[in-house]
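Next come the structures, one after another.
Across the two complexes that follow, chain A remains constant while its partner is chain B and subsequently chain C.
Then we have the complex of A and B:
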């Protein structure tokens, strides 16, 4: 009898959380969680911008050093950059297209990033070499997470290159 | 010592602690991402500045070759005189190899690049011997005070 009384007392003791407590806590956590998810989305956006800027600088350097070394090839191999010749009126304008993972693609429709480089010789040629103005611009087609700007310019670099212009070079 | 027997509000305390943890992690994530972005921007500015300096060097080399191509010069001394007249900042010395020409280019940010070319005595062309960036000098904010060492024994 003593044992049954003790069990009854134990079963009658109130434990656990009330329904109101649970509802309020879940509601508070869901509202706060929405703000916190926004912070994580912001950090991902900033990481994406850093990644894009680093890739822009990397590929721009590749173009500049290739032109300076005069190893530019109009018939690229699988590992080299593919180029699309657009206009040769005032100089040489070429575009290179990248998808969202910074892989080189052929068509502009699927491109997320466009690298345009402009090579122009306005100075007199001396001793078989010419001074070229070289400008590279990298733009992003679609806007970032927190922005509405389309075709945003990520990186621009301007320099001059002093390279050979003898017949046989495949710059033009 | 009294013990807390009332468990009302314990859920709220747990929720607040979880919320604080999430806030701290999100702030750390944003802080780390911002630091990465600043580093990427610094790298981009550094590269842009460096290629601007290289552009100045390329233009200078072009002007030197144009001098050999266009000017009616007889000997290397005339070339040296013309260069000194047009560019007072250049340093010229004559060695066994030919005429050594040393020029330092400076950007707006204070970075400097050194160009060293040589023109042989046959006056065929200027050859680049050295093209390198001169490191920016810096000073320690607090000077290190050295004291005499005591010799024991």
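Then we have the complex of A and C:
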């Protein structure tokens, strides 16, 4: 008797999905989909950050090496690091601006990345060269994905460089 | 008397919702796979250019002396290559780094043997390698990836 009642109840149930079931499924799928797409967005963001760090390191290396070789007229310094009187400089000596694709641009307004140079003369002269503390800092103007930090420091490097102080060279 | 079973309107509505559900699922799968593929390609591309840049920096740092390193035109290769001369177990050898058929390649040759681009092995996949030697100062180089991303590098010669 009980079994036959249970079978009748089972047979009376409507077959297929109800509207509520369907809405719940679509809702669940949407939430899962949003998380999946968010995962890709985070992955892309991490990739962008590592590419930015790479570029910061390589450009900083480029500057340090070109100072060592006293090449002032090459990119990215492009002759503009030829400082007239380093001993009188305080704070930021120079800024180089890059756009989103890490191409050098002229103005700060359109810049996404800013590379700042600080030079401090240690007044030690050897073989016609002065010893300087050089610090390079790379900052990103706009925040990364789902971040609020503006002007984030991407990379900082400090080193000592010998720069020629003889007449006719890059310094007074 | 109430009719039992679904009306055709209910059936159509259910089918529409099912179609909507299927389309949403398909579009999610397609966009997710597209995003994954794109992301994977970009990561691979950047990884290749990183390998190339890192390899070049290491090679240059190990051999950055005016007399040991030169930039030369190579037979059978469009772009100029880097030639590093060295002596190993009394034999003069040349390590030649060059870009050929989409790859940054390295070949090691005895100094009296002729250069052959096929006798080399690939280091990293690259679209282009620009090298410019600045006399007695250093080597300026740029690696360009397949997707067009580029890294610039400069290495100064070690002063004597």
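Just so we're on the same page, the second predicted complex is superposed on the first by the 122 of 172 C-alpha atoms of A that agree within 3 Å, B and C clash if a C-alpha of one lies under 4 Å from a C-alpha of the other, contacts with A are read in each partner's own complex, and residues count from 1 in each chain.
By definition in this document, contacts are C-beta pairs under 8 Å (C-beta built on N, C-alpha and C of every residue); 3 or more make two chains touch, one makes a residue touch a chain.
Just so it is clear, the structure is predicted and the values come from calculations on it, not from any experiment.
Trainee: A:36 in the overlay: touching chain B, chain C, both, or neither? Say first, second, both or neither.
Mentor: both
Trainee: Once the shared chain is lined up, is A:19 touching chain B (first), chain C (second), both, or neither of them?
Mentor: second
Trainee: Comparing chain B against chain C, which has contacts with more of the residues in chain A?
Mentor: B
Trainee: Using the superposition on chain A described above, determine whether A:150 touches chain B (first), chain C (second), both, or neither.
Mentor: A:150 sits against neither chain B nor chain C.
Trainee: For A:66, select first, second, both or neither according to whether it touches chain B, chain C, the two together, or no partner.
Mentor: The second partner, chain C, only.
Trainee: Is A:158 contacted by the first partner chain B, the second partner chain C, both or neither?
Mentor: In the superposition, A:158 touches chain B alone.
Trainee: Which chain A residues are contacted by chain C in one complex and by chain B in the other?
Mentor: 17, 22, 25, 29, 33, 36, 40, 43-44, 47, 50, 54, 61
Trainee: Of all residues in chain A, which touch chain B in the complex?
Mentor: 17, 21-22, 24-25, 28-29, 32-33, 36, 39-40, 42-44, 46-47, 49-50, 53-54, 56-57, 60-61, 64, 123-124, 126-127, 129-131, 155-162
Trainee: Going by the contact rule at the top, pick out the chain A residues touching chain C in the complex.
Mentor: Those in contact with chain C are residues 16-17, 19, 22, 25-26, 29-30, 33, 36-37, 40, 43-44, 47, 50-51, 54-55, 58-59, 61-62, 65-66, 68-71, 74-76.
Trainee: In the complex of these two chains, what residues of chain B are touching chain A?
Mentor: By the definition above, chain B touches chain A via 8-12, 14-15, 18-19, 22-23, 26-27, 29-30, 32-34, 36-37, 39-41, 43-44, 47-48, 51-52, 54-56, 58-59, 61-62, 65-66, 68-70, 125.
Trainee: What residues of chain C sit close enough to touch chain A in their complex?
Mentor: Residues 14, 17-18, 20-21, 24-25, 28, 31-32, 35-36, 39, 42-43, 46, 50, 53, 57, 134, 137-138, 140, 149, 151-157 of chain C touch chain A in their complex.
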